[in-house]
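You will see two complexes here that share chain A, one where it goes with chain B and one where it goes with chain C.
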Partner chain A sequence: MTAEAPPVVAVDKEEQVSAPRPRVRAWLSRHPLAAYAIRRLGLYVVELWGALTIAFFFFRLMPGDPINTLIQSLQQNYIYNQQASAEIIARYQHEFGLEGNLLSQYLRYMDRLVLHGDLGPSLINYPTPAQDVILRALPWTIGLLGISAVLSWVIGIVVGAIAGWRRGKAGSAIITNLSIALAHVPFFFVALILVYVFAYTLGWLPARSAYDSSISPGLSADFIGSVLKYGLLPGLSIVGIGAMGWILSTRMLMVPVLGEDYLVYAEAKGLKPWRILTRYALRNCYLPQVTAFGISLGFIFNGNVLVEQLFNYPGLGTTLVTAIQQLDFNTILGVTNVAIFSVLTAVLLLDLLLPLLDPRVKYWK
Partner chain B sequence: MSEETVLEVSGLEVVYSTSKGDVKAVEELDLSVRRGEILGIAGESGSGKSTLAVALLRLLKPPGKVTAGSAIFHRKGGSPVDLLKVRGEELRVLRWSALSYLPQGSMNSLNPVMRVEDQFKDVILEHAPERKETLADLIARLLDQVGLEPRVARMYPHELSGGMKQRVLMAICVALEPDLVIADEPTTALDVTIQRVILQSLADLRHDFGVTLMVISHDMGVHAQLADRVAVMYEGRLVEVGDVHQIFKDPQHDYTRQLIDSIPRLGRRAS
Partner chain C sequence: MRILNAVLRTVRNSGRLATGLVILAVMVLLALLSPLIVQWIGGGTDPIEVAAYEKWLVPSGDHVLGTDQFGRDVLAMVLSALSVSLQIGAIAGVISTVVGVVVAFVAGYKGGWIDNVLSTFTGILLVIPTFPLLIALSAYAKNVSLFQVGVMISIFSWPFAAKTIRSQVLSLRSRPYVDLARVSKARDLEIITTELLPNLLPFIGVGFASSALGAIFGLVGLEVIGLGPGGVIDLGQIIFNAINTGALTLGAWPMFVVPIVLLTLLFAALNMINIGLEEVYNPRLRGVAGE
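Up next is the complex of A and B:
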């Protein structure tokens, strides 16, 4: 190239000076997928930093003094009659990372969070560190809401695809109208009905807590059975309603695809109907559902507050509500950070996966 | 060319139901297709030629329906069936292995998320699972037949040009050596140079595979180049069937004459 083109001398010099850079560039242009992944990862780091920073400053703007709240609660709980001395307040401020101006607080917070994975002590369960409080609640939330979310998605895609495929038939019409009617009923309303029927009237299933407190937690069959039994009602209320939304949106995506030329062609080919449904119709329309699922994961990690409260489920939603009531900065920030991290990571993974799911998706040149 | 018939259509009537009553798209149509021939179906837009194709392929969707007639289809090594009556599994098995379809290339007939080879694979394995071992060779040979390189097999439809897509569709339609291929406007929406190549490839396919082709086209030029016999349709009825030379040299029906006159010629401008 350079031999043929008549380059200006200055350009030649520049190329010599920055010799290693073109080599990197050349490698990147030969590996477009790697270049894309690197760029996308860089963006991920920036997004993560930005979101964590905004969350930090946002919560510091909340009115109220957490140290005051702590001392008040100590006074009430331990009959701690003395007035808090300046020393004690300073000590607690130090411990909660509240001393100094906002900028130095931020720097210390980021240093602790990024380098040590430490959020500082929680207030709602002082002196347990906030990350431990969150880690204790996290498995319950992932177990209940995560599994429910995956189940609603899978059920919604399968039923919605069949409802779209058989549109015009009675069964499809019933499912579609039922979904329209139920899709926006709140979870907690269904939960209340389920509790009334199965826990209160029939007495088949427990209505509160996450497991039978007489069984000690562990990997025993009894404990796992108990967890499943206690999770059934809250899970059902979330899956029952959550699936309806997915059914509707999948059906809506499916119907226009059925009019495409390649479906007529597939029929002319004499393929089995199930194969036409999955490989020709669904494969061409389910991509938006994959993206929507990744985004919906964010709501999981915020915890479904009302359902968790209703069933007294020890998940993140309950933790978050308690933390807000007591102005527990560290725990509130921690729960927010979990949500930020999971949504951004889910979107990153989806962005990297989508080109594999649909060959028409190309981010690179 | 033998006198053996592949398809005998008699008294075919297809209607589209509308709120203002039924509209007859095809009426009292009798037609036979001989084995090994290329039969052209000519006619203007709305003459019912595409409806005829769709009805024979059993791809007619409501509000269209066949109200009368029969289409007796003689398969190699099979008893004759009435294409308009066969249902369900019997119809599905008959599709492609005996009766295949060549759609217009500009349509999105190829599944956008499947590689070209997979779109050969699914139909071949569906109807002839015993070819699994030789599949890769078969696909390469079929692509070569229509003048495409083997690497096209690994590509996706959006990476192909319109002419290449049309050729892929042609290669797929003869993959199972069917008794009859119904081609609906195979050259429409392609530029004239590609049209010529496609017509040549269709003629070659007939030569190499001995396929029987029913070519639907509004373009009399296509029929002049390709067809052995031409059937002319007008307002749902067949007005004339004849040898291609007879049709062009000595058209019996007024409408046929007008159709031939409508072919644009160099040196004659529309007034």
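Up next is the complex of A and C:
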């Protein structure tokens, strides 16, 4: 490596400051992976900041007066007879971070959010902080959507691989066409049909809520059984449609691989078909499918508004709808931020991990 | 004429594309004819008027799908709602495809810092969860028209179209024939319209179908939460009414099963068109999605 000659000329102060830069650059060019990671992290920070900012201004610029709404709801709830005085309004404005102009509101909001992880008080459950309201809903959403996501991925990969392997057979064609037809159908439609059949017509399963309210929440067998029973219908509707998409994409990835020479060679070697399928063919589909799965895991933090709403499931989606109905800015922003953060982080982690997992992935070039 | 022949050949080569187009065409035809059919069902009176018939009639010869809680004929309602749903898909699909195409071409063709800025912005919009924003927007904007809802939905759906088309522009930009056009001093706009755009039509078609699909579902979602545009009934609102008026407990299944079946068919048709177009224009996938 031809190192640059160190500057021999007398340097003034300004040049001294920038002197290390060539060294940094040289180091980066010797460590492309590190350079890539740094650039990727930088992009992550920019995207995160941009998305949080857009979300903040989007909701702040909406017409509607949350303080007025709060005072009205307080008056209703606590029979608050006196008219809201200017002091009370000012106090609430302070508490909700609504005093000053939009820019100072924004700076204060970012300061609270980034440095303290504080979203301010919620309205739907005043005075509980919005982050606590969200944290209470989060386990339900993660539980329902997370388990459903894993199940649909596993089912989709297995069925899709078999459908690809047995391409041209009648069963495979039926499964493929079925998944093409159903892959984009909203979960909610299936949920509605399932509710009608199993809850209203047959009466086998509960139609609403996340657990039997007569059982107190805890780590008892009764409670867990009840949660599973109540989660069956929403879960089934998500897995049923979600798996279709994975079947389709796995099959699409499988079929071109099946024509490769190394598979013919593996067959000529006399390997068992099952071994060829799992160790030779399916392996090549893992990478894109793992990537897509990681991203879809990030998206579960969006909650599934419609399914949760239909089942009255106490997750993020239901929380969001309640918050919007009551103009609860802090909670709305909080839910949106959770979704933004988890999607961006999932994509970041995948982008950083993939070059390590697969030597063919060369992002940093 | 040449274009027509090419289209016909494409359709003949892909059974899936043809099936999707036929289903879509039948639905559009039904929607276009819906005023006439509704009139015929009413036989002189308006069958969608409140209290046109008795409430909650079960399906029979007179009312094939029964009537709802206001005594409206469900079949007539479903048909005119289908036309509204297709309209919202067309409005939002066109707007977001046009915006997406413009952004994709500017970013992909110009490259450099413009591409960086536009792509980062598109990327940011893609991670902001759209449904909450859409709910919020329509919760505040009450009494909006169908067209305004279409615009609102397109605000959030153009980034998807932009992203797909941009990557195609990037791959086309460096093809030899584009270089040739550039060497022969063709202007940028000329290259884009005569060299790039025709080759991208299938991808633009895919973008349009996806945006339309997203918009129809977006409106259904809004209606199900009870936040749709006023004055019109789309398929989502019929489902919402069915849930809220207890059609589930009363066993009035046509009220939600028929809209769901229609929308499922529509989604299936659009997805078949998507996959069919990709198969035809991406030879590596040919035969992949099933023989």
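The definition used in the following text is that the second predicted complex is superposed on the first by the 311 of 365 C-alpha atoms of A that agree within 3 Å, B and C clash if a C-alpha of one lies under 4 Å from a C-alpha of the other, contacts with A are read in each partner's own complex, and residues count from 1 in each chain.
Operating definition for what follows: a contact is a pair of C-beta atoms (placed from the backbone, for glycine too) under 8 Å apart; a residue touches a chain by one contact, two chains touch by 3 or more.
Everything numeric here is computed off the predicted structure, so don't read it as measured data.
Once the two complexes are overlaid through chain A, chain B and chain C fit side by side, free of any clash as defined at the top of the document. Residue contacts after overlaying the shared chain place A:Thr331 against neither chain B nor chain C.
Judged by the touch definition given at the top, the superposed model places A:Ser152 against neither chain B nor chain C. Contacts of A:Arg283 after superposition on the shared chain: chain B is touched, whereas chain C is not. After overlaying the two complexes on the shared chain, residue contacts for A:Gln105 are found with neither chain B nor chain C.
Put simply, more of the residues of chain A are touched by C, taking chain B and chain C as the two choices.
Once the two complexes are laid over each other on the shared chain, residue contacts for A:Thr319 go to neither chain B nor chain C. The superposed model places chain B and chain C at 80 degrees from each other around the C-alpha centre of chain A, with the value given to the nearest 10.
In the superposition on chain A, contact of A:Ser249 is made with neither chain B nor chain C.
Within the superposed three-chain model, A:Ala51 lies in touch with chain C and out of touch with chain B [touch as defined at top].
Here the smallest spacing between CA atoms of chain B and those of chain C, following superposition, is 14 Å.
Overlap of the chain B and chain C contact sets on chain A: empty, with no shared residue.
Within the complex, the chain A residues that touch chain C are 43, 46-47, 50-51, 54-55, 58-59, 62-64, 167-168, 172-173, 176-177, 180-186, 188-189, 192-193, 195-196, 200-201, 207, 248, 251-252, 255-256, 302, 305-306, 309-310, 320-321, 324-325, 332, 335-336, 339-340, 343-344, 347. Taken together, the chain A residues at the contact with chain B in this complex read 260-262, 264-272, 275, 279-280, 283-284, 358-360.
Touching chain A in their complex are the following residues of chain C: 16, 120-121, 123-125, 127-129, 131-133, 135-137, 139-140, 213, 217, 220-221, 224-225, 239, 243, 248-249, 251, 253, 256-257, 260, 263-264, 267-268, 270-272, 275, 284-285, 287-291. Per the touch definition, chain B reaches chain A in the complex via residues 57, 59, 91-97, 100-101, 103, 107-115, 122-123, 126-127, 156, 158.
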